[in-house]
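What follows are several structures.
Note that chain A is present in both complexes that follow, paired respectively with chain B and with chain C.
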Partner chain A sequence: MPLTETSAFKIARRAAREIAPGAVVALDRGLPELVARVTPESMGVWFLRADGTLNGIPLSAADAAAIVRGGYVDLAIVHPAQVTADGRFVGRLYARDASIAPPGIGVDLASGARRIIALHPQINEDEPEICLASHLLERPVDGVGGIDRVIADCAVFEPQGTEFVLSEIATDRQADDVVADSDLSEVVSISDYPAAMDFTVPSGTPESKVHADGASALHDLPDGVTVFIDGFGGPGGMAHYLLMSLRDRGSRGLTIVSNTAGIARVVSFGTPPGRTAIDHSVLIENGQVAKAIASFPVSPSVSRPSEFELAYRRGEVDLELVPQGTLAERLRAGGAGIRAFYTPTGAGTLIAEGKESRTIDGRDYILEYGLRADFAIIRAHKADINGNLIYRGTSRNFNAVMAPAARVTIVEVDEIVEPGQLDPEEIVTPGVFVQRIVKRPDGFTGYE
Partner chain B sequence: MTEDKERLDRAIMAMRVAKELPPGGTVNLGIGIPTLVSMFVGDDSIVFYHSESGVLNCGPLAEDGNEDIDLINAGGQFLEPVPGMAYFSSADAFAMIRGGHVDVTVLGAHQVSANGDLANWMLPERGVGNIGGAMDLAAGADKVIVAMEHNDRNGNAKVVEECSFPLTGKGCVSLVVTDVAVLEPTPDGMVLRETAPGWSPEDVQEITGAALIIPESVGEYEV
Partner chain C sequence: MAFSKLYDTHDAAVADVRDGATILVGGVAKSNEPSGLLSALLRHDATDLTIVCDFSGWDGSETIPRLVKDGRVSRIISPYPFLGAHGGVIPELWELGDIEVVAVPHGTLAERLRAAGAGIGGVFITTGVGTRFDMDKESRSIDGVGHVLETPLRADFALLRCHRADGVGNLVYRGAQRGWNSVMATAARTTVVESDEIGEPGAINPELVITPGIYVNRIVRAAGAPAV
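Right after this comes the complex of A and B.
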């Protein structure tokens, strides 16, 4: 039975039913791209395509792979040549000629995506390259144990380790016939009660990311978690309103990760004349901070110590001192699913003590670990309602690296706009990295 | 006796450092004397300034009343917007540094050892300090120039045989410009290259905490 446009769209619609509103879905080339065409825009789905775009936002290859490895892909839809009952799969290019085909992003998807479904257009022994198999042909494998479900135009199969189970069947077909006709009886057993395949277009809308105020955006920030706090040290790029909301919420025992631990208030760092900026000190003097991970934790002036330094000297807070570039790279790695990396920074210094080290090409490097947090509180200039962000000037610096590295990233912006009002070429942080958006209240200055 | 000898002021030191900046090069200036260096780069010599705050090709400091909190350098000073600036994240700012894209950095120091170890982030008596971008610059910039006074406020030598303060980087310093001399750390020891007017090599040795290697010809501090 050749693949017709009708059957291709049927597969795509059934596959689209696997997608939750607002989900991030990575699409392999070819048939999976049809899934984006049949998914209603109102579902707010983020499609990461093989051409490196995310809903039209152009990404570098590194950033696209970071989204996958960083754990942001809820569902990957692939179109492999072969799937085995234990969930391994072989890409089509490899299947044709392994000597010329690159592994592509399939390998990243296999290890990074939460779920992977395979589209299986034809069940046809005349096309032996596209098949369900009990074991793989002798070819390199893109993914091990990755495929959760195989969707064909007349049936759905679940890899169960040693065999596939036919779990759904099209209403106009008989499960026995499908298995027998396609010579799958050796690898497929039929579920006792296969469900009827549903080819209707899915619906639903994602929960809005826009929160009315800081209390709402921080409503579930508990005691004892790690929070990234944005900015370089001055009032530029700092989410003062959310910082005050966090103080009002009163969550305690926090580990804060930030470039400084609050110096603007005491030395006017980056602060216009005559102003006193709100900074991390509001959390420290309220007894909410247990530990800071920072590169510039104390005041550059010995005679004007910060709240953090005073608390540190009283033994009330711990400090993990990190070189600034190492902090930035630990955040970048954390957001990109890279668990650790070797850096030359700090080799031979106190920073290297207790860390693994390695000499590569005659130079000493130390092992540093990626950093992730439960929450990030960041600042941007504008967001659209999907969470795409642009920044102003040097206030991008730590905000843009923190956004991808937290489970819940909450952004404070000057302005919230509709989709399409930000130029995709200028978007710095794609909305997949942003879970909540709050507009800074009119008249709120960030100064005491 | 060296106590009465006149030392060069910070502006002269900055002028001396400015001569080391390669035309067309990418340069990162630390806080303090290094910040002054940009004032002495000739108009005919284009240098691209990089700051860890996430800006390349940054211009002069902003004039009073023109402060923009979204345009600062790594020292928290306000910058004047100039054509051709580029903004980027902290990850990119430090990729530039560690990736070998910064030709020269100029840093202050508490101590520099004869073989080029740098200590500039913590005074032991304070017990806590700020690293900021210094360790990355020490590890990543092609050339690390230290601009500092030859002695601290109490007269202690800052050019030493071995650093006693916590290190920022090992063997990373290429050139040391002080208020009395220009010196070059080497694996064999600290070589005296230039002395300030009125200072003999022996005078410099007297106030230095490391045995200097004094070549046959030592130049005059050149600005």
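Right after this comes the complex of A and C.
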């Protein structure tokens, strides 16, 4: 039976009911794109499409794929040719020979999304309305064990390992008829009491990301966690207000990952006379830091050591030294679902000690691992209330690469604006990476 | 300026493409693909080409299939080398053994290109583990999770499309144009960009530059774009 417009919208509306407010939803091409059209904007759902746009924010193909691989997709919606009872599926764009069948984004979604649902699997219009199979028929598997629900316009099926269970049925259809008409009796059993399919569009609004102050934004930052904190040579780009809030909160035993471990105070670029720049030193002198992973942890001046340096000499803190570009790449890998990568940086030096080395095409590389953290404390210029960020000048540096690599990213901004007030083309960090937003208090300067 | 990246014609910008070259082609739709450069490549005589692309024919563009039909392409590397069971000339020639088709998951292709541009020797990822895409690849269990090693994909040329370029090759894109074009810009030895608009150096706000000019070797005005 061919897919009619009415049945397509029914499938899309039922699929939309799988989406929680504020969720990140990846849509394969075709029928799944209809789900975005029927989902109310007020739900604040992030739709990532195969063309690399995220709610209209254009991303590079690499950044779009990183969102999927990095584990940010709560739900992927695919339209495969066939689904098996153990949750595997084959793509809809198939070829007579399996080896050249186009994988598209289906394989990425199958590997990276937390949950996958399939819409109306159907190979050809002249084949049964719904194609569920006990085993795959000489077709390439694109997804392994991922699909947990199949939505057609008349019924919902749940892969349960060796068979599907029909768990929902449209009120104008009989479950027995649907199974018989689509020739599914071999692979489907009918739940004792199938629920009535609900085609009403969902509702709800996401929790606000905006926090009134730093104490609220950091309320659950416990002892002993890893925290990303931006920080270059000077005070620019650092979340000074949140650093003071973290000092006031007093969480201890922290591992901080940062380019410097706080040298703005001793370098004092641009610091007004008589003032002191706020940097990581406020945490170190308060005894909160156990370890730093950094590329420039010490003062450039021997006569003016940094707080971290002094604490290190006293044996109070541990240090892992990482070249600056490797630190950036490890963070990028952490956010992009890359577990490890080969880099030439540091091969043959002290940096390579204890690491796997490898020669590739005549060049020496070492293996470095992605870095992830529980929290990131970053600084941007403006945020909209959905967490989309823009930076100003060099303050983009580590902030933009840290945001995707933490479980909870908290941003301090100069200004919070309404959705739509940032041009999608200029958004650098999409809001999917930002969980909490705090406005820097008026008059707060970043100096003590 | 002592030298210029600006080329007068699309043909001049691709004149040195040689037989056997690997060429990245940006875009997923007519408005996003370098249609003038592709037309110039059709007029060119280089053969035995490897083409790396998304499927550029979602809205009916036929340039890459025409290159294939003319016997100029020996290999396609793509997440969508063709569409559907009746995919046209590419699966036909593949069945005759006249062309090699390498199907690559979308995100894996993007990451292989990004790795090439960023000097990364290879990445361990989970994409495709347990499917046909982990065959013949080095695999490794890390923290109990299966990973495969994906290697960088470098090219000789990238033929790209952007919205605006300045004279030194800084680029901005428009909408989904950014997708493949911005990744491919970093991964080729010679990156050639077809731009709707070309301005003087400094014409683009530095905060908005997506592809810095160091990645761009040649700029040519898009076919049909008005002269500035």
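The working rule: the second predicted complex is superposed on the first by the 423 of 448 C-alpha atoms of A that agree within 3 Å, B and C clash if a C-alpha of one lies under 4 Å from a C-alpha of the other, contacts with A are read in each partner's own complex, and residues count from 1 in each chain.
The criterion applied here is as follows: contacts are C-beta pairs under 8 Å (C-beta built on N, C-alpha and C of every residue); 3 or more make two chains touch, one makes a residue touch a chain.
Quick caveat, the model's predicted, so the values are computed rather than measured.
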Partner chain(s) touched by A:321 [first = chain B, second = chain C, both, neither]: first
Partner chain in contact with A:329 - chain B first, chain C second, else both or neither: both
Which of chain B and chain C A:74 touches, first, second, both or neither: neither
Contacts of A:348 with chain B and chain C, given as first, second, both or neither: first
Chain B versus chain C as contact partner of A:392, first or second or both or neither: both
Chain B versus chain C as contact partner of A:339, first or second or both or neither: second
Partner chain(s) touched by A:50 [first = chain B, second = chain C, both, neither]: second
Contacts of A:279 with chain B and chain C, given as first, second, both or neither: neither
Which superposed partner A:312 touches (first chain B, second chain C, both, neither): first
Chain A residues contacted in one complex by chain B, in the other by chain C: 329, 343-344, 391-393
Chain B-touching residues of chain A, taken from the complex the two chains share: 232-237, 259, 264, 267-273, 295-298, 300, 302, 309, 312, 319, 321-329, 331-332, 343-351, 391-401, 428
Touch list for chain A against partner chain C, complex: 50-53, 58-62, 64-66, 68-69, 93-108, 110-112, 124, 140-144, 329, 333, 336-344, 358, 360, 363, 365, 390-393, 425-426
Touching residues on chain B, where the partner in the complex is chain A: 31, 51-55, 64, 67-74, 76-79, 87-91, 93-94, 97-98, 126, 128-136, 138-140, 166-170
Residues of chain C touching chain A in the complex: 28, 54-55, 78-85, 87, 91, 94-95, 101, 103-111, 113-115, 118-133, 142-143, 145, 147, 151, 172-180, 182-183, 207-208, 210
